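The data blocks that follow each hold one structure.
The same chain A turns up in both complexes below, where it pairs with chain B and then with chain C.
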Partner chain A sequence: MEDLNIHGKYTTVTSVDPNNCFFVAKYPDGSIRRGNNLFNTGWDDIPQGLTELSYALSTGHVITFPKFKAYLPLIECSVGLDGSRVFHAINVKCLEENSVVVWRVLLKQDTTSNMKIGDIILGREPLPTAMSSSWKYTS
Partner chain B sequence: MAEPTLRFVYNISDTDVPFNKYAEPDTNYRILTPGSDLIVFTGGGIDDVDKGMGSNTLASGTRSSTIRPSTTSFVIPYTYVESGATMYYAKQTGHNTNRYAFGVAISGTMNSDLYLEAWDDSSFSTYNLPVLVGTANSSNESYVNAIRTTSASPPWGPGWNGSSAGAAYLRGTSDRIGLNNTSTITNAEVYFNIYIRLQTDCSTFHNTPVLGFRYLYT
Partner chain C sequence: MAVTITTQFYNGSAWANLSKVVFTSPNIPSPATAGTRSHILPGELPLALWYEDLTNMYRRANEQADAATVIPGTQPYKTLDTTASGFCAQNSVVFEVTSGECYDCRLTAWDDITHTTTANFLISSGRVKSSAVSYRSSGTKQVPTSIVEVYAAAYNTTLSGNGTYYGDFNMIYANPTTGKNGDYLIFKPYLYNIDGTVTYGVHDFVITLHYSYT
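Let's look at the complex of A and B:
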């Protein structure tokens, strides 16, 4: 279910319900760890060694990522001084041998763009100089 | 990690000093509450004196309309924050070398810089308001000048603008400032200064753009 409509001066934005978007991590023993929401994701609490990563959005979209060496999902959010808050995207950084592939999963859509909720924009970054403990490695 | 917590503060004192989160309430600062408080750029009109512009506090709703400049560009001289029944003079804010005008106290960790942006409204999608579009005399740049002052005071001689290092003519994501100039931030305070410069070819307008703060977290 889509939760949020923002009627701007020049566009209308539809956004996901941040309370009902979460990751799903699968492990070799068949167990599954589910995230909480976009406010308190729970990502740092899950163990290493996952075999598959997916994201379930409140709109019903389920995005399953190909297997990489490690993942780091980053929530992109804006807070406005008018009291507003918008979740723009989940930027899932995926570690390869020589670079990082970024899967940018859109969490909002508006009438000025053809991009929709759940659309994915792929990018690539150089390897980070340091790996934070938030990276989760696959088994 | 959970989403980091942001607290917005502004300096109402006569001194250019940082926010002291360990001695709250810091009497030099007030907390800006998103959604209820409003930053107001005003003054430069014929009734500045009558309206009491420059006073530490004014009654909520007080405005002195800026006269559209006729010969040269003009910086809107007063920045207040309207909070409840009172407007508080943000004295350190403006086209000056003051470092501690507005601040954001961050609790938790961001996996990015904290970016200050300006948009038409809370859709965070468009920037078509006249104050953000600018005019030919502003080289079609936004009239909103903002600069990162977390690590240093704004440069002078003859004064900083959106082209200065660490500054931008705020508009969307392409013209924004990173307030810490780092790739991560943990439990820190960041600062910026901001002003609006009107041009002689501007229209007469009353705009209410939204200042937004964008960041990443796990």
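Let's look at the complex of A and C:
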């Protein structure tokens, strides 16, 4: 297990190690493409046609997503003018026929919330009006 | 898409990488050596707005003042106005997308590096404010012309965690597709109502840009 502690005045935030969190995409021919880290994910470099998507966190959590028509994982972070950077969540948008399901995978936890690293919050959004080229379709 | 964002300010002759925003005495020559601070107490004297890089700090306003608001639809920030109430690229902190795109961008303030609580006197009492606008433009970075707003200008917005903030909006590296520079997010922070009612002590806080990317 690998994580980082950020000590503030009123709370301590425990975060994943962003250098050791990555996606894993599987393809019909049995090949596997592994992402880099949270700073430079490598998502835009992988081909279309994956059969399975999962995310491995530095804490040992592995989240495997059900099969959808397409995926778009978004790394949510905040950057301070003091140079501090906090990774909050991976919001994996999953395309369905008539809507988008959002799997929000938490990347930090602290004493002010009951939510823990690796917890998943499900949401739903309407279909986007335009599809970003970063969507990866399944085969 | 992955994204690269720079954070700079105009030091009067060139763009410099921002290290810190500082509120301290106006009674210091500008530029001053980075790290210079006065010991004035709340209410004694006006606080100046300074931007600091790794070497020097530069005074950008001699006092804290509301940014001038205008008739809706006009764009005062595209003209040079470095008075205390002025708001333009040359007296603002400038975020610039230099590659890729980012989504759900939000400018706000937190207590400290955890970006988690607003348990800070200045934030919780609504004293941390900012004027901000996101745009792409022709012209130069310091004198933008022919502006297209990415997100409408907001003046004197209170910044406080996920409660009140400037956003949410998307930004792209505009040049390859629009021929314009940007996208930019410029903002000028200020402290509201700093007087003798502010308690003595350390009230450091962190202004953050919150965004998503692939």
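We take it that the second predicted complex is superposed on the first by the 137 of 139 C-alpha atoms of A that agree within 3 Å, B and C clash if a C-alpha of one lies under 4 Å from a C-alpha of the other, contacts with A are read in each partner's own complex, and residues count from 1 in each chain.
The rule is simple: a contact is a pair of C-beta atoms (placed from the backbone, for glycine too) under 8 Å apart; a residue touches a chain by one contact, two chains touch by 3 or more.
Predicted model only: the values in this text are computed from it and were never measured.
Visitor: Putting chain B and chain C onto chain A via the overlay, clash or fit?
Guide: Chain B and chain C clash in the superposed model.
Visitor: Once chain A of both complexes is superposed, is A:Leu4 in touch with chain B (first), chain C (second), both, or neither?
Guide: Touch status of A:Leu4: no partner.
Visitor: Go through the superposed model and pick first if A:Val24 touches only chain B, second if only chain C, both, or neither.
Guide: Neither partner.
Visitor: Taking the superposition as given, does A:Leu74 touch the first partner, chain B, the second, chain C, both, or neither?
Guide: Touch status of A:Leu74: both partners.
Visitor: Considering only the touch criterion stated at the top, classify A:Ile46 as touching first (chain B), second (chain C), both, or neither.
Guide: After superposing on A, A:Ile46 lies clear of both chain B and chain C.
Visitor: Which positions of chain A sit in both the chain B and the chain C interface?
Guide: Correct list for chain A: 6-13, 40-41, 43-44, 72-84, 86, 88, 91, 110, 112, 132, 134.
Visitor: For chain C, which residues count as touching chain A in their complex?
Guide: 1-2, 5, 7, 18-21, 93, 103-104, 110-117, 119, 206-214
Visitor: Using the touch definition from the top, list the residues of chain B that touch chain A in their complex.
Guide: Residues of chain B touching chain A: 1-3, 6, 8, 32, 34-37, 39, 111-112, 117, 119-126, 128-129, 184, 210-218.
Visitor: Using the touch rule from the top, collect the residues of chain A that touch chain B in their complex.
Guide: 6-13, 38-41, 43-44, 72-84, 86, 88, 91, 110, 112-113, 132, 134
Visitor: Spell out the residues on chain A that touch chain C in their complex, using ranges where they run on.
Guide: Spelled out, the residues of chain A in touch with chain C are 6-13, 40-41, 43-44, 72-84, 86, 88, 91, 108, 110, 112, 132-134.
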